[in-house]
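Just so it is clear, A, B and C label the chains in written order, and each chain counts residues from 1 on its own.
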Amino acid sequence: MAYLDLQNVEKHFTNFTAVQNFNLSVEKGEFVSFLGPSGCGKTTTLRMVAGFETPSAGEITLAGADITRLPANRRNIGMVFQSYALFPNMTVRDNIAFGMKIARKPADEIRRRVDEMLGIIHMQEFGHRFPHQLSGGQQQRVALARALAIQPQVLLLDEPLSALDAKIRLSLRQEIRQIQRKLGITTIYVTHDQEEALSISDRIVVMNKGRIEQVGTPLEIYNTPQTAFVASFVGTLNVLQSTVKDAAAGHVMVADQPVNVGKPIREPGGAAVAVAIRPEAFGLGEAGNGANHLRGTVEDMYFLGSVVRLRVDVSGYTISADVFNNQQLALPNRGEMVTLHFMPEACMVLPKTAEVTAGVE
Amino acid sequence: MTKRRGSPLAWGLLGVGMLYLLVPLLATFQFSTQIQAARGIPISFLAYNNVLSAPALAESFVFSLRTALITIAVSVLIVVPTAYWINLRMRFLRPVIEFLTLLPFVIPAVVLAFALIRSYNGTDLTNTRDGVYVLMVGAYVMLSFPYMYRSVDTGLQALNIRALTEAAQSLGAGWGTILFRVVVPNLLVSILNGAFITFSIVIGEYTIASLLSQPGFGPYMFSVASRKVYEPSALAMLSFGLTFFTILLIQRLSRGRNVGTAVR
Amino acid sequence: MAQASQTRVQIMTRPPALRRARPAWLSWNWLGVLPFFLFVFAFQFYPSLSVVVRSFLSETNAFTFDNINALNNDIILRSYGNTILISLITAAWGGIVGFMVAWAVTIGGLPHWVRTAVLSFSGVASNFAGVPLAFAFVATIGQRGVLTQALKPIGIDLYGGEFTLYGFWGLCLAYTYFQIPLMVLVMTPALDGLRREWREAAQNLGATPGQYWRMVALPVLTPSILGALALLFANAFGTHATAFALVGGGGGQTLVVTLMVGAQFTTDTFANPGLGNALALGMIVVIGVTIFIYSFFRRRAERWMRR
């Protein structure tokens, strides 16, 4: 029995279904992200765990107890909101102490815990400030401390960093992960930013249109996406339309150039199949070991710091290829013909569902 | 916790409040139709007929209408360029303006009328008919100024006036062109909003009009009470209807604003 | 060709205002706001200042407190007392009922069309003051009013005792008519400003709805409520037309201060021209303090709601 269990959870509204067939087991101390575009149901699911929405069907169990219909104020679950939601009429200390005051804890215990929390978020001198005197990042840290002060069984975060500047987002998400590790609190983190989810989660739940597309570690999600949606939503992706030449041997034709996808293809010969390849799978020039080769003309080059992204026109398809920047790099010129090589294993054959948003930048 | 649509408590509280506001209206309507009750006709609109056919009503209403239009014109001519200028160049004056918008509340109509008459005593402004009219219009502009200014100011804020001005200047426009062909057309809704509120204030205004001895609609309405029994309530209903109609127009306009012209 | 048009653009984009190195506050910009300030000065500042100054001057233009002292007169003091009482009472009545209605259409969860209708109606009703309002109340609870007649068969005789529409309590009832909608209009945005996340965060931390209201919502609303009450007080204190239409002319002249000021136009009741100035000064002071209080609370409320 996992620590937090969602079984067959569904949520229907009057004219649409927000969540369906949601099954998930979360272990104690695990950091799980719900990742997906707006409207995919991730926030609704989170709110059902928090108790602000009641599931239309299904069960939610926490540490063995069924909390599906338990009122929100009795679940002992901490929540951090996108808009911080600090109480404007209370100081930082009072905000953090709120949950304990409700629980009628003795005054010195409250004081000790508040001091401890202020230390964890590194805001010891801010105790007597009011929310409107704090920056966005500071407010969010206080919100985190407030949620943790009640020692919840589960911590929920609803896109906590969306309202913040890019730089603060980076540092704060590391901080959140460190605090979570240190306290060992089971955490669910909702975000639409795949980089965020990939960098800090133990596992990611990719959602789309109310359903779970895939659950896995960041590595699994990125390297072995199981649906076209996951492949295109996470990371950038080149999608090439090809025709099957030899299904058993895994040979296809991309326009007039042959490609070996390295595994048998389910579609019959002559069928149209989408082949996806990550930009970093490409290299410049010829290579041995059974590598595939595609020839094309360089359309453009983007210097991204550690990586140089080439846009190459291959038989009418535009491919993004990422090559590492180094001293000996001999970059081709615009308009030059180049050869790109990539291993067959790097090819992902996408199922025929038309969910692919061609994720090429 | 899902929101309770229409909790009984909410309906109950609403009912109490609306009761207080609706009963006088209903009673007034009822009363206004009782004019021929003694003659056995329970509902009659004779009172309305009498009211509307009195020549003095038309005269005083036209007088107030004219005054309202002049007030609106003066108000717009002064407020719009000022609000534009302050938003563009002198934002530090905003607290001063905030203060000035509260002044008409601190100096209510009766005190303003008193102050105007006393302080300009002996000048043309108080000795001539036209002079006193000028005082009245000035007073009305001051009364309506908080609403007009706030309305125009809100409209300007939504417009990002600095970018518009700079764009116009880069295309060669002078101040006049900017004001009349760029700013005002985009502010029309706000201006109309303020104009209707001003209209509503001036039309039925009694205090200043009567204390300055002007033949306005307000003093006329008051005079009816001394002579007739049922006509005043008919007047009250008509007046309420006019204000209602005006405010509805304002609301229609404000809704249109969200749909329309955001020049970016 | 491009060169010429570029220069033309450069010339045209130099704004008519001259740009020199000067302190920021001293510039031709002031010209742009001059008409406005002149107008406000002519029709508000100058008359008001004049009244204030003259209340300290005798007929021979010597400095004196005589006018102010003349306020220390039974009738006048009672008038101020009445006006303050009426303003407090109607602010309270209007405040309570208005708050309830505002709560009902915002947090109370009534359908959206109800809220629109109520707000529109409040906009109209808060303007429905003065002569027509007086007429409406006469038609309702005047001696031959519809409600008065309707209550008789069930044993309530409004005029059986001391009550009269044309007096203190009548004014209270009439003023409340526009105080309620004013409160609704002022409190609705404030109640909207109570973010849903605060309630959810409180719930999340274990609070019952009652605890949330007591510890978060009401404290957050308090500046708005106090500011609104101050506004209602000032509103009632300065009302003239409604009062005049109900009780003015004749004996009612001294019931409220606005009527006394108005009476200075016609009768110079106490044969003391300076008195009018002092009365007006008194009003300005009272309302000025009240509006200051309103302004203070409104700024407080805005500060908290900003994030």
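The working rule: contacts are C-beta pairs under 8 Å (C-beta built on N, C-alpha and C of every residue); 3 or more make two chains touch, one makes a residue touch a chain.
Just so you know, these numbers come straight off a predicted model, no measurement behind them.
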Contact-graph separation of chain A and chain C, given in steps at minimum: 1
If you count the C-beta pairs in contact for each pair of chains, which pair comes out on top? B-C
Just give me the whole-number Å value for how far the CA centre of chain A lies from that of chain C. 54
Where chain B and chain C are represented by their mean Cα positions, the distance between them in whole Å: 15
Could you put a whole-Å number on the gap between the CA centroids of chain A and chain B? 55
Which parts of chain B, given as residue numbers and ranges, touch two or more other chains? 1
Counting only residues that touch at least 2 other chains, which ones in chain A make the list? 52, 71-72
What are the residues of chain C that contact at least two other chains? 203
Interface with chain C, chain B side, in the complex: residues 1, 3-7, 9-11, 13-14, 16-18, 20-21, 23-28, 30-32, 78-79, 81-82, 85-86, 89-90, 92-93, 100, 102-120, 135, 138-139, 141-142, 145, 169-170, 172, 174-175, 200-201, 204-207, 211, 218, 221-222, 225, 229, 232-233, 235-236, 239-240, 243-244, 247-248, 250-251
Which positions of chain C touch chain B when the two form their complex? 8-9, 12-13, 15-16, 25, 29, 32-33, 35-36, 39-40, 42-44, 46-48, 50-51, 54, 97-98, 100-101, 103-105, 108-111, 114, 118, 120-121, 123-125, 127-128, 130-140, 144-147, 176-177, 180-181, 184, 203, 231, 234-235, 237-241, 244-245, 258, 261-262, 264-265, 276-277, 280, 283-284, 287-288, 291, 295
Which of the residues in chain A end up touching chain C in this complex? 50-52, 71-74, 76-79, 81, 83-90, 98-99, 102-103, 130-132, 139, 143, 146-147, 150
Along chain C, where are the residues that touch chain A in the complex? 195, 197-198, 200-208, 211, 215-216, 219-220, 303-307
